[in-house]
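Two complexes come next, and they have one chain in common, subunit A, joined by subunit B in the first and subunit C in the second.
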Partner chain A sequence: MSVKSRGVIERSLSSFVDALQHTFDAEEIAKKRGLLQRLDPRVKILSILPLIVIAALTRRLRVVIALFAVAIAVALLSKVPLGTLAKRVWLAVLTFTGFISGPALFLTPGRAMYSLPILGWSVTAPGLRAAVYLVMRAETAATFSVVLILCTPWSNILKALRVLRAPAVLVVILGMTYRYIFLLLRTAHDMFESRKSRMVGQLEGRELRKMATASAGVLMSKTLQLSGDVYLAMRSRGFQGEVYVLDEFQTDWLDWLMLALFGSIALLAFWFGR
Partner chain B sequence: MNGPIFEVRDVTYRYQEVTALDGLNLAIMPGQRVALLGANGSGKSTLLSILDGLYFPQKGSVEFRGEPLTENRLQTPEFEFDFRRRVALVFQNPDVQLFNPTVFDEVTFGPLQMRWPRDQILLRVSEMLEQMEIMHLKDRSPHHLSTGEKKRVALASVLILDPEVLLLDEPTAALDPKSESQMIDFLVSCSGGRKTVVTATHDLDLIEDVADSCHIFQRGRIVATGTPAEIVNDHALLLSTNLIHAHHHAHAPGELHSHPHRHGHRH
Partner chain C sequence: MHIPDGYLSPSTCAVLYGVAVPFWYAAFARVKRLLNTRLIPLLAVASAFCFVLMMFNIPLPGGTTGHAVGVGAATVVLGPWASMLCLSIALLIQALFFGDGGITTLGANCFNMAIVGSLVAHMVYRLGAGRSALSSSRRVMAAALAGYAAINVSAFLAACELGIQPLFFKDAGGAPLYAPYSLHIAIPAMMIGHLTVAGLAEFFVSGGVVAYLQRTNSSLLQQALSGKAEEHASQPLSRTNWGLTRPLWIRLALLMLLTPLGILAAGSAWGEWSVRDFSNPEMREKIAAVSGNIALPARQPQGLARLSSLWSAPFPQYAPPFVRRPAFGYVMSATFGSGLIVSFFLLAGWIFARRENGLSKGPP
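Moving on to the complex of A and B:
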């Protein structure tokens, strides 16, 4: 087997395993007894969502930095490892947003602060401020989002969306999608492992593409079969086209206290960030 | 009710060019425990799907409690509502049946469709999870469950409605011996009395515990009927229908001996 074909299969297998591992890690954090984990999911949604929106829209860098500090504090109180946030959020957002905001460093007119050697490009003060502002907004919004998701089982997030009047059918569809993504990931993983165990000789270019498209076709076929069977299983248990959602959410004094606290932070951020 | 709970008359079902059931006749009485035996592809699962009103035969008729079980009839909300409450199917593949994000959601699905009040649902779900010894799995996602756990959740998700008829498709397939033993205990405890239980299986060790009568399927037809003891002791029949295999060994060079053999027996 050539290095190239072995690389494609190994990378595919590795990404499947990583995806599954991520969900296990997330569910472990959601089980901890931290601040967010103890709150009613509806309170979490109503508390965190406004902060995400305000972080994205505020006009003041100091407010964004303050909100970022709040996000880190919430993460620490909720026992979310900062290393996890750094790997999953900060590095990725910095790379992506940094790439987008990079040109602003040099193109925004203003006082030059530093000149790059060889290229002679000048980093301007307004340019630096604009780039930092964009990166910080993205980092803050992403941090709040990921902390919310890590501290709340996905099924509860979906149900809590009902407090925002999300339709029940959307909640059910997203829930089933979440459920079956892992089954399909596992099936794809098993297919690739099976192929890996039976491959000899070289597999180049055209053969690789054939393998990839054949695998996609088989997976699609299995998915279609599965979806038909699942529909029959739903009909068998009385599904007639209407979907219903039931939750066991209950609020207590801590939920109302944290809702008031997060609400106050959001109001202050909105006021000072106008 | 005096007549059969299910009456199947001359039913034929084809999957495109493959005939799964071929002129099948069968009557199942209320409270009866029936085993449908046969090798893979003999038509057992297809019959269960027909009895559950999911497939409809191209030829022949099926009656439930004396009323025709047709596609049109099941499109009547009142009839479908009543039928789905009374008849439950546990699928062979639990990943097909467990389509909700958590075990709790799975067990509440049926009662929600039946429009039970919220408090009643929460109470019954709690009781069912305790009864099936899966309360500790309540918030787990199905992809985090073992095969045995999935099968128990699948069973809980249908038993919560307390159906009159339980249709089981290979309930012990892919289970390790301990899980299989637990599943058999559950099935024995919930079967009998006023419940009608129809179990499709090729596991001969199961039928003596969960059935009073057996029908052997081959190529979409019933080729034999009898009690579990009669069936299990008829080696020629079991060999001809692929439910056991012939074991060959040599006592001496040139002296080949073969006899019917099945693996996996319990004492």
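Moving on to the complex of A and C:
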């Protein structure tokens, strides 16, 4: 059976464009003057990361729901459009989580609450609770992490990882990786687009597969070539293997206040969610 | 297979972070020793490549498409150590930036896909490629199988991690706190998708990249980054290079020792019931409970009864009849099964080597 060549190439192109678009959106949000944007990146990581862990740790549904409300409040105060969150986080997580937790509604043994009209499957109370629990927990953790990332330029997040004792070399590698992702996304995009522009008919599945895997091979060759070029460029500027990260952040009263506030929320959530 | 936050208990996440850290440390030390100052640019750019490769849509037979993780291709070209670092960095960026996979579950995702995936891909590729020439079609098949095996082992691990959650973590009312399915549902649910779509995508990407590099730049297939071990990749597995394969054997032994973990699984795998289970009232109830409460036929299915007696396994239920302790039976079965697989590959390697020697000598 043949695969629609147009569909496959365009789907890859659309993945590359989506990734780029996601970055532009994030940069725009990070430039806004909201609550999280005002805070020191180190304070943001120290405030939000415990909330993500506690959302995964808590054993009470109402604590998860309260944390979700906090996440939405933080998003609103940081001027993150709820539409962006709904599209990029809530819907995506719900699709994945719902797919896994959906059958739990019917398969978990317990008191039947509702019976599906034609199939006769029963939604059980423990099943419903387990499904809601799982979905809410995943949504809460994902909302916190995406709000944190959207409100902080990537380079600042990486530097702030130093407060978690991340080695400087890891921070430098992550920073460079992020930059070269865009170069390689652009390269892959150009390869697919140029191929598409030269095609007049449709390729059969086998040829299309060969084209896609050969493109991956070309990208691999270019990657290794590029790493050699980058290395020579670094050497020519005096790189000896040592890496340094500039910690130019400064905290003010708002940072400490917010750290105390988020810390209190985390402690309360931990206490009530035991 | 990117497990999101909230699916695994914090203790499971902590254990898997703890297991992943020594691998990251060892891989970093090993790659740094080989690359020295070239380490940073190479890891950075290769990680970016792994990230972009995960976005490729791969057309599959049957008209569908799938995404590959790229573990097979990355391991064949970069070697297992650099591959596990690059994939971990790509997974970290995916989790942080795209919300694909959780932050608390990052250790688990890296362990499944980057660490175990790279090691399995390396092992299968080494065993499959043997000492064949760089341009040999056998290497293409070995790479394809390496990708397929790696992604399926990773999926199996992810399914086990998800499946043990309801065994250990329940609230006061007995409802599961994290992933709700036990092993007998989680494993088939995860493996069906990976044995077919995701596995095939990985199969074609790994094989396709190697086939392309063979035609254009076969020197990249020498695994220059994986160190001394790969300098001898063209030598047969024999007693003389025991040091070369020792880490692989140690890992295999560890995996064998861990096989009794399967005993933790409650109940039996869905669809793997024996004929006797159909006449056991207790088992009949259990089967109906996990099958949408659809009543079983009153008698055992005749075809099932007839065909089930065609072959009697020497080690039924992973426990030979003379072994009393189930855990020991599992280890024994793992040893026996692994021994069979290794013997098969040694024999295949020996036959291929003979054939290639015959071809290289040419006609008299």
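Criterion: the second predicted complex is superposed on the first by the 270 of 274 C-alpha atoms of A that agree within 3 Å, B and C clash if a C-alpha of one lies under 4 Å from a C-alpha of the other, contacts with A are read in each partner's own complex, and residues count from 1 in each chain.
Just so it is clear, a contact is a pair of C-beta atoms (placed from the backbone, for glycine too) under 8 Å apart; a residue touches a chain by one contact, two chains touch by 3 or more.
The structure displayed is predicted, hence computed values, not measured ones.
S.K.: Could you say whether A:G238 touches subunit B, subunit C, both of them, or neither, answering first, second, both or neither?
M.R.: Touch status of A:G238: first partner only.
S.K.: Return first, second, both or neither, reflecting whether A:V146 touches subunit B, subunit C, both chains, or no partner chain.
M.R.: second
S.K.: Once the structures are superposed on A, label A:G263 by its partner contacts, choosing first (subunit B), second (subunit C), both or neither.
M.R.: In the superposed model, A:G263 contacts neither subunit B nor subunit C.
S.K.: Quick one: is A:L183 in contact with subunit B, with subunit C, with both, or with neither? Answer first, second, both or neither.
M.R.: Both: A:L183 reaches subunit B and subunit C.
S.K.: A:E248 contacts which: subunit B (first), subunit C (second), both, neither?
M.R.: Only subunit B; A:E248 stays clear of subunit C.
S.K.: Regarding the shared-chain residue A:W154, is it in contact with subunit B (first), subunit C (second), both, or neither?
M.R.: So A:W154 meets both subunit B and subunit C here.
S.K.: For A:L57, select first, second, both or neither according to whether it touches subunit B, subunit C, the two together, or no partner.
M.R.: Second partner only.
S.K.: For A:V230 in the superposed arrangement: first (subunit B), second (subunit C), both or neither?
M.R.: both
S.K.: Considering only touches as defined above, state whether A:G98 meets subunit B (first), subunit C (second), both or neither.
M.R.: Neither partner.
S.K.: Please tell me which partner, subunit B or subunit C, touches more residues of subunit A.
M.R.: Counting contacted residues of subunit A, the larger count belongs to C.
S.K.: Can you give me the overlap between the subunit B contact set and the subunit C contact set on subunit A?
M.R.: Shared contact residues on subunit A (touching subunit B in one complex, subunit C in the other): 154, 176, 178-180, 183, 226, 230, 234-235, 239-240.
S.K.: Give the list of subunit C residues in touch with subunit A in this complex.
M.R.: 4-10, 13, 36-49, 51-53, 55-65, 70, 73, 77, 89-90, 92-93, 95-99, 102-104, 171, 173-181, 185, 189, 204-205, 207-209, 211-213, 216-217, 220, 289-290, 292
S.K.: Subunit A touches which residues of subunit B in the complex?
M.R.: It is residues 49, 52, 54, 77, 80-81, 84-85, 88-89, 91, 93, 95-102, 104-105, 108-110, 112-114, 118, 121-122, 139, 141-144, 157-158 of subunit B that touch subunit A.
S.K.: What does subunit A use to touch subunit C in their complex?
M.R.: On the subunit A side, the touching residues are 1-3, 7-8, 11-12, 15-16, 19, 22, 26, 49, 52-53, 55-57, 59, 88-89, 92-93, 96-97, 100-101, 103-104, 106-110, 121, 126, 129-131, 133-134, 137-138, 140-142, 145-146, 149, 154, 157, 169, 172-174, 176-181, 183-185, 188, 205, 208-210, 212-221, 223-224, 226-228, 230-231, 234-235, 239-241, 243.
S.K.: Quick check on the complex: what are the subunit A residues that touch subunit B?
M.R.: Per the stated touch rule, the residues are 27, 153-155, 158, 175-176, 178-180, 182-183, 186, 226, 229-230, 232-240, 242, 244-246, 248.
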